[in-house]
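Below, each structure is written out as structure tokens.
Each of the next two complexes has chain A plus one more chain, namely chain B in the first and chain C in the second.
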Partner chain A sequence: MTRAHTQVNMTGSNLDNPNPVVFELAQLPKRTYDPSNLAEEMESQRDDIDPLEVFDMIRKINDPEHPLTLEQLKVTQYENIKVDDENSYVNVRFTPTIPHCSMATLIGLCIRVKLLRSLPSRFKVDIQITPGTHSQEEAVNKQLNDKERVAAALENNNLLSLVNNCISNSD
Partner chain B sequence: MSATLKNVAVSEGHTDRVWSLSWSPSGSLLASCGGDKTIRLWKLKDDNSLECIHTCIDTHERTIRHVCWSPSGQYLAAASFDSTASVWKKVNNNGEIALEMLARLEGHENEVKSVSWDASGSLLATCSRDKSVWIWDMDEDEEFNCVAVLHGHSQDVKAVKWHPSKEILFSSSYDDTIKAWEDDEDDWYCSHTLTGHTSTVWDVSFNSDGSKMVSCSDDNNLIIWDTKVIGDGPKQVCTLSGYHTRTIFSVDWSEEGYIASAGADDSIHIFREDGPGDSSEDKKVSFSQTSVERKAHGGDVNCVTWRPAKREDGTILLASCGDDNLIKLWALEI
Partner chain C sequence: MTTTGASRAILKDIDTFVGSSGDEDDKIDALNQILLAVHGKKESFTQLIADLGDYLTNTDDLLRARGTLLLSEVLSRLPELQLNGDSIMYLCKFFTARLSDYPSVPEVLKGVIALMKYHNLSDTVVQELLRNLFNEVNVQSLSQTNRKVAFELLTLSLNRYQTATQELKSDFVFGFIQAMDGEKDPRNLLIVFRLVPIIINLFPDYTRFSEELFEVVSCYFPITFKPKSNDPAAISREDLITSLRNAMTSSPAFASFCLPFLLDKLSSDLKETKLDSLVTLSVAAGAFGNASEPFLEQVWSGLRLEYTGKGVVDGVKNAVDRVVVEFSQNLDGQPLAKWVNLIAGETMQLVKDGADPELDSEFVRILTENVASASKKSCCLVVDVVLPPLVDSNSSEISSGLLVKLLAVCAEQFTGSDENPMKQYTEKVTSLLMDRLSSNDTSAVDGLCSILESSLVSVEEEEKAVRTLSNLLLSSHRGNRDYFLTSLGRLSKRKPKLFNDIVLPSLFDSIQKDETKRGEVYQMLPSLCLHDDVIIRVVPRLMESLRQQFGRSEEDPTLGRTLYSIALTNAKSPTVCNLFVDTVVVDILDLLVERSLKQSDAVKSSFLQPFLSLLKVLLHNVGDEEKAKLVDVLIGKITDESRNFKAFSSSATASQVQLTLFSSLAVIYSSQSSGKMEEQHFLEKLREISVKNNDNIDERVVDVPEDDIRSRANQSIATIINRAEPSVTRNFVEMSVSECWAGGVLQERKRAVRCLGWIVKALLMRGEAQGDEIVDSIIQHLDDDEIQEELITCFQIMMREDEDILSKARGTRTRVLYRQKFFFRVLPLLLSNYNALPDQTKSTRISAIYNVTQELPQSVVASQVKTLIPVMTSSLDGGVPSIMQCTMGMFIEFFRSENTRSHLKENSAELIEKFLRVATADSRMLNRVTALRCLASVADHGDKEEVLKKKQRVVQGLVKLLDDHKRLVRKEAVKTRGVWINVN
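Take a look at the complex of A and B:
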């Protein structure tokens, strides 16, 4: 990872975490398709969502600093996704690789935008840092869940292109 | 006492989230704005539907967050994420009502989030993510001069609202507080800081005589404040908890005493102060929910506002707008 040390991030400073641990991908529960269920699902207008589907939407989002996915860095994990389909609610927790990661807000914004574009509009989404894993946990959580701040951020073309870069290969 | 909301109109037109609504003082026009960067003017028709009669485009480069009519109904102010506010004049061209831009207010460093006219219509307040509140004075030539730049909030200022009769400005913020600003011979200062909410305070509204104020927050609560004795500072008299399940973005207190609140749980709640006989303890202020509309919009409800005047048949109207790009009108059935 010597190359990483000489890379600069968007703010012009050195990488926050030049040498992150890359994890083996975890085994996920297998999805079983029941054809009768599928027919039922297609009949009902409602598109049911489970945690695995939500994880599929965000696992391949790219880390802003490294050519690695959030799944490879264990920033996003299947276990940290809660879905209450009946009440149209999704809660995602993500884990920054280091407690002072200045990219935490950007990563959270990427997850929010990706879910905004992928989930049916009936869903309410809360995005939070896994408790105890970031020094600015409360401040980052507050920003990520303030819709006015998020709306304004997404009108900033520089920020929007950073977000789009990170999520461009995530489908 | 029960009162329920009945949906009487749904208006399409905006192509993005609708952020804010403002009734003209007579209640004949409704202004709206949103993420599509337009301001729309709607005429209230006899059958309680809305007709879009004018659209302002290409004025603001980014979201228009808030609109507010002046007390005379002659001017409309708008706040935009492009860090400016604009003031529009209502014109009547051979019966065609339109808005013409009068001034652009520049000075804030980033997103302007709210605008409010004082009771006289000569002072306009603006607030921004830059943590400041500005007060502008409109002179006889309809020109605007900044008379105060107020610092005090430690975070974004979400909303500004003048007291309905006194020259006191209230601002609510991402720093979880509300501040009251008063002037001492043209020297504006923060006279009180109101704490009580545990997260962002999104909006405030006053009852008709200004003796009480209600605030709403990301903590899902509404707080009622006694504002009669400003000298000692507004006192928290009642908290309405357990009604909204997500952030409350907007609250409005009607002339008739009804409080409407709305937010990210897609719902609109209506509350009313209990009469002296309804309350278990004497002299204790209490409020009861009279109505709730759980799926008021297909997404967050961003603004609720009562029509300032009853219709001729006595109907009280409420307008709401949301992330579903729609504006809805509701009749309060008492």
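Take a look at the complex of A and C:
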């Protein structure tokens, strides 16, 4: 797994990772909407919710520290999303740019909130840090998947506006 | 009685104006009363002074100043005030004395200006005034406005009392220097800078103070001034810089101060200072002329540094070039020789050393382009310095670059003149170049051509050289052919006869000897045919081989392309255009007609394309008369029934259809109408092409370069109708209309409707009533199922604008705002009784409206939004998918545009509900998606209050769509829901 390394802090700012590596966007499976898809006979056919659709929901979430998307920093990746539409289950793994990133919980919370607003309520959503990529992996995972703690966090107006800022332009 | 009353009133007004109490409005009123009284002769000026009495001599500074101000106001506000000589004298004396009264100087200056401007003062009075001004008033101690008044006074005295002022001699110059020294305000500086050249011109005595004068002016250089955006005086940085520049260079006597000063500034690291110094230097070069002589070494070494220095800033090089050119143009005699020697000597040294080829070529460029090109004199001087060593040295070591460039400059400077300084060196230079040519030095070609252009050699020599060149061209390989082509192209422009006699025959001979050379030669021709005489010779030859080629199995497109390129490069020459119109186009058409009679298959599009492009170029460039003639000829040829030519019948062959295209294009791109009977005939033929079934068109047997031959025919029809007199085309139009509504082959009917769309467009554009009538009948027929789609498209055709077709540039007759007028007329017709109509009709009408609004500026549509909204809103309930789709599309457009947005605000609540219902309940995916987009638009642009009220409802309502069975809907729902959640 490629990870961004902290470089010398040139700006002297207080950011956790002031110089993250920006990646080329990965080639994803292409989805073409051919016109026949719009034809009436296709109207009744169901399109399953698949990993790409879920990835589309979270790829453009902004990083809390930089004007970059999670996709550009390879925090979220297509390969790390599992979807089981039939059983209404989604699993998303994300990779903080550095192992001691204090923003990991906030990033996880953004993904959680975005999916909460975008997926049908029947889905159970698990959000985890990609194993071995963060120093406090377990603690963060626990926090992100505890419904009550998430709800409590979102009652904090400051936190909520932070989250809203990150996901406001994510389509 | 009345007089005393009036006087009393005046006294009161005087007290109010002069007195220290009272507010500003009262004072203005009082002043106006006094002005009226003096103007209406109720109070004489002398009386006024008497009435002022004590105020003018009061010991209170303020009262004294106000009293003087009243006098000044009256003088400056009443320009036509009658004053006798004594009064003027008295006033002048008064003001002159008062100049030493510091507290009232501003008021006095105002009065003096008025006196000088509106009354005639004697010379002695003016001189006395100015002397006192210089002696008693410290101008720089005054406020900005008053300083400005003082400078205006000086300007006025120079303009109006020139002789009197001039008599002050150096006193004036010195006084001026003192007055302006230390001035900081840009508004005043502008006046001062403009005064300097005038003073220098009028006072030869300035030389006593030239250093001081230059010093007080030059201290402002370089000007760094940023005007404020709200500056009422609107002084621009450029104004200041130019006036300062003119002031600094206004006298040759400044040369000894100015040049060293500028050279010093030139060494600055700031780009702006550098550029400013360079531009000023070039102005100085012009202004100082030979006075610069003592500083030429200094100047050149300063400029040289700029050329050779590392990291030359953008634009600096151009400015340095400009300076060199200016010096070379404005110096004369000995100084010019010195200047040229400086630069030429150094260049020769560099070229001889050959250490740095890049620097060499830069200096060669400076010497040839800047110095030698500047004037004939400098050119001769350069040749005198450069040529002897070049020719004498066994110059195989020296590159021929300098020589070639210099030859070109000489050829340019001494066109048609006998004084070419190269003359004495011709023999040596020619043999040198011939040597070079044999050792494959391509740049020598250029040099040789320059010699030929300047007619320096004998006729035999000339012919010999040209023959060598043309042989070299033919044997050249691709890599260096361009050299020969550009050089010989130049030659063809300057010496067409020589070119025609020697180069052309050898080119065509080479084709005859070796057929494989044909393509190559054709490719060369466009770069060589640059003179009318040459083209007149070339074109018939080309047409001859075209005739031979026609009808062969494989048509070669090179020839067409060559003809097109020649026409394109020479399109500005009327002779060439007329030649092409008279011979080429007509011939090609003849050939096409003949061919189509023999063979039915089409000519390849790659072959035809160059001719179509050629036609466009010609129609763009020839005069109106020629255009009309061309169109006439084309139409005449094609409609000529006697030749059994059926280009327009339904049985037309592929090659005949191509011809139609050819002539249609001619009509579309020409801006002329011939208005002859053939044209009507042509119209009918075109209609047949446009409407009737023809397998050759439908199955695309015809390999036509333009995509759709039927649209071209329609466009031709529209172009002709727009230009012709209505009486001529009326029958044709009526027939076209009736054919649409009568039954018949369905496919043909549909095409007839499209054709009608174009006809109506043409009529509407020129504001013809017939057009409106047809539109009415189109609306009546909107219910006709069979041709409904075409009728709706008609509205699009009528509204769409195209730069190429029926545009003003093509000479189309256009009524101002015809589209807007059409919209306002047609909208009520389409909406009349709308709610009572059956669904199907509603749908077509909404679609027609949609098509019209799409093509109009939103600001026009905005005025009618109020009428449209009820109809659009109600059609959201209708459940007819196409109506809903159209309507929602219009809503999105309306929300997007600022002009229309505001009209929708009051309907926000209703619209949100309707969109939400369509999004959640409609069975068609496309409708759900569009409704979601509409909802997002309302959130962004709708009424904020209503949106906030509905936020919870919409966010909740959209939950259902997150699990929609179509992915597109889900994606749109996620987006729209995100927008609504973030509303606050």
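Please note the rule applied: the second predicted complex is superposed on the first by the 142 of 171 C-alpha atoms of A that agree within 3 Å, B and C clash if a C-alpha of one lies under 4 Å from a C-alpha of the other, contacts with A are read in each partner's own complex, and residues count from 1 in each chain.
Heads up, the rule we're going with is that contacts are C-beta pairs under 8 Å (C-beta built on N, C-alpha and C of every residue); 3 or more make two chains touch, one makes a residue touch a chain.
All figures in this text were calculated on a predicted structure; none of them were measured in a lab.
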- Query: Which partner does A:Asp56 contact after superposing on A: first (chain B), second (chain C), both, neither?
  - Reply: second
- So, A:Asp85: does it touch chain B (first), chain C (second), both, or neither? neither
- Query: Touch check for A:Glu155: first (chain B), second (chain C), both, or neither?
  - Reply: first
- When the two structures are overlaid on chain A, which partner does A:Lys147 contact: first (chain B), second (chain C), both, or neither? first
- Query: Just chain B (first), just chain C (second), both, or neither: which does A:Asp47 touch?
  - Reply: second
- Tell me which partner A:Lys124 touches in the superposition: chain B (first), chain C (second), both or neither. first
- On chain A, which partner touches more residues: chain B or chain C? C
- Thinking of the overlay built on chain A, is A:Glu137 touched by chain B (first), by chain C (second), by both, or by neither? neither
- Message: I'd like to check the shared interface: which positions of chain A are touched by both chain B and chain C across the two complexes?
- Response: 121-122
- Which residues of chain C touch chain A in their complex? 923-926, 959, 962-963, 965-968, 970-971, 974-975, 977-978, 981-982
- Task: Spell out the part of chain A that touches chain C in their complex, as residue ranges.
- Result: 33, 37-38, 40, 43-47, 49, 53, 56-57, 117-122, 164, 167-168, 170-171
- Note on the structure: Seen from chain A, its contact residues with chain B in the complex are 121-122, 124, 142, 145-149, 151-152, 155
- What part of chain B is in contact with chain A in the complex they form? 17, 35, 62-63, 65, 81, 110-111, 113, 129, 156, 158, 174, 199-200, 218, 246-247, 264-265, 298-300
